[in-house]
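Taking it in order: structure first as structure tokens, then the write-up.
Residue numbering begins at 1 within each chain, and the chains themselves are lettered A, B, C, D and E in the order written.
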Amino acid sequence: MRLFKRTTPPGTAPGTLPVVVRPTPSRMRLVRFDRRQVEERTLEEVAGLTERDLAPVDEDEDRREVQWLDLVGHDVGLIAEIGRRLQLHPLALEDVVNTGQRPKTDDFGNSLFVVLDLFAVGTGEDALEREQVSLVLQEGLVLSVRERESGVFDLVLDRLRNDASRLRTLPADYLTYALIDAVVDHLFPVLEQIGERIEDAEQGIMEEPDPGDLNALHLLRRDLLLLRKSTWPLREVMARLQRSDSTLIHDETRLYLRDVSDHVALCLDIIETYREMVASLTELYLSAVSNRLNEVMKVLTIIATIFIPLSFVAGLYGMNFDPKAGPWNMPELHWAFGYPFALLLMATIAGGLLLFFRRKGWV
Amino acid sequence: MRLFKRTTPPGTAPGTLPVVVRPTPSRMRLVRFDRRQVEERTLEEVAGLTERDLAPVDEDEDRREVQWLDLVGHDVGLIAEIGRRLQLHPLALEDVVNTGQRPKTDDFGNSLFVVLDLFAVGTGEDALEREQVSLVLQEGLVLSVRERESGVFDLVLDRLRNDASRLRTLPADYLTYALIDAVVDHLFPVLEQIGERIEDAEQGIMEEPDPGDLNALHLLRRDLLLLRKSTWPLREVMARLQRSDSTLIHDETRLYLRDVSDHVALCLDIIETYREMVASLTELYLSAVSNRLNEVMKVLTIIATIFIPLSFVAGLYGMNFDPKAGPWNMPELHWAFGYPFALLLMATIAGGLLLFFRRKGWV
Amino acid sequence: MRLFKRTTPPGTAPGTLPVVVRPTPSRMRLVRFDRRQVEERTLEEVAGLTERDLAPVDEDEDRREVQWLDLVGHDVGLIAEIGRRLQLHPLALEDVVNTGQRPKTDDFGNSLFVVLDLFAVGTGEDALEREQVSLVLQEGLVLSVRERESGVFDLVLDRLRNDASRLRTLPADYLTYALIDAVVDHLFPVLEQIGERIEDAEQGIMEEPDPGDLNALHLLRRDLLLLRKSTWPLREVMARLQRSDSTLIHDETRLYLRDVSDHVALCLDIIETYREMVASLTELYLSAVSNRLNEVMKVLTIIATIFIPLSFVAGLYGMNFDPKAGPWNMPELHWAFGYPFALLLMATIAGGLLLFFRRKGWV
Amino acid sequence: MRLFKRTTPPGTAPGTLPVVVRPTPSRMRLVRFDRRQVEERTLEEVAGLTERDLAPVDEDEDRREVQWLDLVGHDVGLIAEIGRRLQLHPLALEDVVNTGQRPKTDDFGNSLFVVLDLFAVGTGEDALEREQVSLVLQEGLVLSVRERESGVFDLVLDRLRNDASRLRTLPADYLTYALIDAVVDHLFPVLEQIGERIEDAEQGIMEEPDPGDLNALHLLRRDLLLLRKSTWPLREVMARLQRSDSTLIHDETRLYLRDVSDHVALCLDIIETYREMVASLTELYLSAVSNRLNEVMKVLTIIATIFIPLSFVAGLYGMNFDPKAGPWNMPELHWAFGYPFALLLMATIAGGLLLFFRRKGWV
Amino acid sequence: MRLFKRTTPPGTAPGTLPVVVRPTPSRMRLVRFDRRQVEERTLEEVAGLTERDLAPVDEDEDRREVQWLDLVGHDVGLIAEIGRRLQLHPLALEDVVNTGQRPKTDDFGNSLFVVLDLFAVGTGEDALEREQVSLVLQEGLVLSVRERESGVFDLVLDRLRNDASRLRTLPADYLTYALIDAVVDHLFPVLEQIGERIEDAEQGIMEEPDPGDLNALHLLRRDLLLLRKSTWPLREVMARLQRSDSTLIHDETRLYLRDVSDHVALCLDIIETYREMVASLTELYLSAVSNRLNEVMKVLTIIATIFIPLSFVAGLYGMNFDPKAGPWNMPELHWAFGYPFALLLMATIAGGLLLFFRRKGWV
């Protein structure tokens, strides 16, 4: 996973949208709902939007209509056109298009802008998948822009279709909360999978450490770094939304936003705890490997140290000094019990060394 | 011990209670008390609660009645029913059921909600046991929900049964303080046991390090991580309760809450100190193991280095060059003192090497 | 890259400009623009500035003129002369000349002073290049001083030449923002290149670690340290500019400054993440190298441990004890199957050791 | 030194005093003083206190009397009795008895309560000794409770006996300051001794590292951890006392309390610096030990690597192939200069290897 | 360099000056100056001060006289006498005499007290030299006390002698700023020298690591620790002086104090960066040393592993089994091509092993 990717050169004007060579195919879904009914339309072009769509709705407590435009894919032209209709600030528009932003929230008066990172367990090689989710809250309208089609908002949509849902009776900020909550809650399955990987690694290392464990720990560390990088600023985003003095956020919603804050804090705690566990496991692994080396070395030491002197004795009596040249030339060779004497000498040496090692506690 | 476990998929509505396949059997105990009397009832079903139970009590300084409903086990239906009777906020209800929450406190106006983690020394394998304790404080009423039957509140109950106890004369917030205090004070025996494990590990490592010590240190580190993860947010919970502007908390109780805060701070200090001690012990262990390897290596070096040249000399005079082929072919073999000369040569080499090693400070 | 370099001795008066032996050739470019027209002049001497140049302009919403003096090189005399004409505070002047300042901003009432670090990917040996960019904002005037000619402001100049640009309609603080933005955005290509170096190092270490990787990681660490040293204070600079109560900064510009703040925060996040990745890679490298050593050691152990006893047996039967001296002197040598027996003995020993090693899991 | 020890089970009522099986013998000293006279009495029982003792004194600028009751030892009954007479809050009383508290200060309106840790250099094994010192400040009265008889307050008493001392003329809060100052200043000799131990360890490691150094470093680390654990909260205690809005603390005394704060900050700086020095020394030690191993290994490598090929050559010419069986069977053995040739071969091999090692820079 | 040294026992009264056995010879220099003239006098005794000296001067904008008393050395009696004349607070006096204070500033109403650490590159062994500089600012008077004669204030004195200097026209707080600035700026040459030592160490380690590098890194770490210990509180000192509401500090001076603050922040950044560089270099060194050991080990492995089996074969055919005892006793010895066969066998084994090693990538 790349950390970030800029598509405009430094120094370009703020709000400049990059020219994307191959725009990803986009899909729009407009959901209009109030207390009594829900209307869903899937569009492929901006032309499909009527005059009434995305227009400010007359606020009427009894019949408060909310529109939710959910945009998937990154067709820059399409986004620019929608931005123009919603009178989005160029800086907000730029951040929607240039994915890889830091999670953040901005208050542009008529609209509240939120950038989030959505994580998912990747399909191949245990990696993480990250995409940027941008939300724009206006009076009676929520715009959500995602990079890829994923099921992140499916349950929210199901709840919208349910006539008894609170979502249907509350203003647009509650829908925004629901979307943020869905994105944040997607951290939990990711963390659960990482937790399982850590437990697998722990079990593996405690039973039989092998070099693959270390690569696994390194990848865990990397994934946790990326999660932390996205989750840490989220804390500030949630705090700002709660404290926001924007009229777009009602007091009742703040209570729910605080609940999301608690989830974010929990995620951060888990991420930090995981990071320390991975660090502890890395140490455990390195030390387990070092222990194994010690054991191997010890066996070598003992076998070699015992046989080296024995081989020397054998070599000694393999020398060819001529006994006839003088009485001092290897008289042992001609003793009647020379060979048993040599064997006894060797056994004594071996026994003595074994005793020495046992005393040292090495055997 | 698993770090956390979600039972609802991301994106579900807040307040959604998970469908638990096998609800744990529950037990309720309702304690009604005032200055003059205590009444205890153990119930198994909500139906056992009368109209009067859990109802708001008329505040009357002289005869101030407090009700304490202590619920053990996680029967979701039962909790939902009680939540309905007490008009609990759906977010609070959700947090009671979804255990594994971060310790926190929320003020829902008519009720103050506190989530705590209760730790106990596990029965097997030195592990920790954790359970979530949720407290709800309302006017004249305290609800406590626990996961398992444990003796954590037994002493508080004993104090309630004692007519002279302060608990009997003070409003519900003082009982809440007493319950929080009991949960926090349960950290101390856990920390004491961990302290003993650290001391055992220290003694073991200083005397005779073995690989089991490292696993023990890793488990200590893990336990301390989990304790810290639960205790750190507790600090904020206590600070919030003290500063809370809720009318449910009286000034006199704040003084007692500050005392609990001090205990939490003491626990955190001890946890951090323990963590650093474990880190220091890990280094000590690794270095002790490395020292042992050094010693083994040194012995190998010395024995091998002395005998390798000796064996070479022995091999030299074991060569079969034909002395008859020329006067330069191994004349030593036919010297009268060839063998003593060879032995002397070997002794000289060995002595020289020993001297060299002694000078280097290796022997 | 040197960390810093002072040119005046400690204790000299503030505002003292160092005497530079070889002043670098300077180049000035004065750009005057308003809504309708742009006028560019390149000067080589202060004498080229007319009375009208750098003079306070009469504020007139419709015809608001902004002057931008872009100075490249460090001719101290020239800078002092310009400082005199703009009535710069001696402390500001000192900081412009003494490059190697910490990024900072000062409010001198009539002028706002900003010091930034501009980074670029160096041409040789992957190193970073750093230069100080100083900006002075006055009513209707922006002064920028750079150390070297680089293209950092080229795109801003292009935008100025474009009649439709917002830059042309807004006051001098917006131009200042655009220059700061250009400098900050130059961090991204630098970070992208560092990201690629990290990925190269990661791939190299995972496939085939070699000592060059470690030097590469050390240089990465050093570069990230220098980047962090410059970027961290930048955060404070941006916060101060946003909160500044100077009348030189208009409210609309603050929104844009916040956008730059977000970029700075993103850069810091990336730098921190990179730093931890480099730390993790360093550990991975060290451990990979240690693994390789283990493998080598194991092979040595096994081969040596098998052959040492075999060699001993061979040495044993190479001894020259005289069989005629007694029946106990090496009778095996005269057995009919003595040699096959010896070979069998060796095979048994080798097989036994191999079995032992396999049981230990070493083979 | 144990980190902490609870004597009451979790869940007991606040203010419950533990039943101590063997109460330590206690000693009380009551010092009454004003501008003109000092009266000292040593008591063994509460009964020795008259009605006038510990009673509130009528405030009279000219003849302001202060009483100081200094209690040594932990007779729980005695402390409870004194607490009753001074109307101490049960929480304060509990903290006096349950030693091992975190340093803290509480304001109970009529009394100000301070808990401190007093450190001393232990007599055996270089360890630290810690005891809790509790101070209670009331109008005209100071109560100090210590665990053991130590000379910590001797100099303060000496100053009290001196008619010219400021202590005699100022109210009770100044005496409290003097006692706190005495306790804090006792950190300095402890830090000086630790500094000496660090310097000893540094010298030892730089000259001749041995495994004992590591244990010494571990104990230093442990001692510094315990000191930090007690000194860190002290910072907060001092800040609270300075900012306290209690009428018991006069403005003039705050200046002196700030001076103590500075001492505490200096101690913390020294502790942190020491901790980093110990960490650096640990690394230095480990690396020095590793260097020694390297040197040993290198000698082994060189000696073994030179002699192994030589031994092979010797073994080669020790083979018994029958030269009569064919002309290719070891003709060298029958060369006139076979032996010198073999010696030359060996010398060439040894020289070649030495040259190779020298080129590698290993010799 | 010792970290700190107390000269009074704990518990002594504040303001007690230690009895110094050998007072260092002192030197005083009194500089009186106003816009028009400067008068310098060097004194050796307090008696040399007239009534007019150190007396409060009548404030008169046009003829504002400032007195600067610069005291070098630590003659306690002299300092006490001057303290009495200037009515210094005993706590300030104590801090002047007890050097080794933490940098700090205190506001005693009539005087502002500042303690700083002055660093210099030591003459021997690359060490740092530290001395305490104490400054007292009163209306129209500055007292500076230093431990040793050093040139730190020489340039300030030169500026004072210059009639055109700003120092001559501004009140005493500007002189105080100039003295603080001189002390802080002395950090830069120290940091430059440390930077050079780091670069030397880096070059040494990258080219040819040797154990001396590690000691050098340890000393660098120690020096940086001491610098940080003194510079960190300096930040707070500067912030307090800037925010000080003392009438002794005029608004214009605050701007200059902020400039010093920036220098302190720059120093801290450099110190932190250096510390991380030293840490990175330590790792680089350790790993370079470990790489060297690996290379040595690999050569040993390869040479030993090739020759051990060869030696075994040679030993095999050196056995003395009697071929006459049976046809199975070493028939190879009597083959016509037995010796070439044995050599071929050895070459095959050596070649096979080399191939194996090459495949493993070890050669």
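Rule of thumb we're sticking to: a residue touches a chain if its C-beta (ideal position, glycine included) is under 8 Å from a C-beta of that chain, and two chains touch if they have at least 3 such contacts.
If you're wondering where the values come from, they're calculated on a predicted model, not measured in any experiment.
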{"item": "Chain connectivity with chain D absent, coordinates unchanged", "value": "one piece"}
{"item": "Interface sides of chain C and chain E: same vs different residues, half threshold", "value": "different"}
{"item": "Chain A and chain C, separation of their C-alpha mean positions in angstrom", "value": "25"}
{"item": "Between chain E and chain B, distance of the C-alpha-averaged centres to the nearest whole Å", "value": "40"}
{"item": "Per-residue multi-chain contacts in chain E, two or more chains", "value": "290, 297, 300, 304, 308, 311, 315, 318-320, 330"}
{"item": "Order in which chains appear around the ring, chain A first, chain B after it", "value": "A, B, D, E, C"}
{"item": "In the complex, chain E residues that touch chain C", "value": "152-156, 159, 165-167, 178, 181-182, 184-186, 188-189, 191-192, 195, 206, 255-256, 258-259, 262, 265-266, 269-270, 272-274, 276-277, 280-281, 283-284, 287-288, 290-291, 294, 297-298, 300-301, 304-305, 308-309, 311-312, 315-316, 318-322, 325-326, 328-330, 360-362"}
{"item": "Contacting residues of chain C [partner chain E, same complex]", "value": "2-6, 9-14, 89, 91, 101-102, 104, 106, 108, 208, 211, 214-215, 218, 221-222, 225-226, 229, 232-233, 282, 285-286, 289-290, 292-293, 295-297, 299-300, 303-304, 307-308, 310-311, 314-315, 317-320, 330, 332-340, 342"}
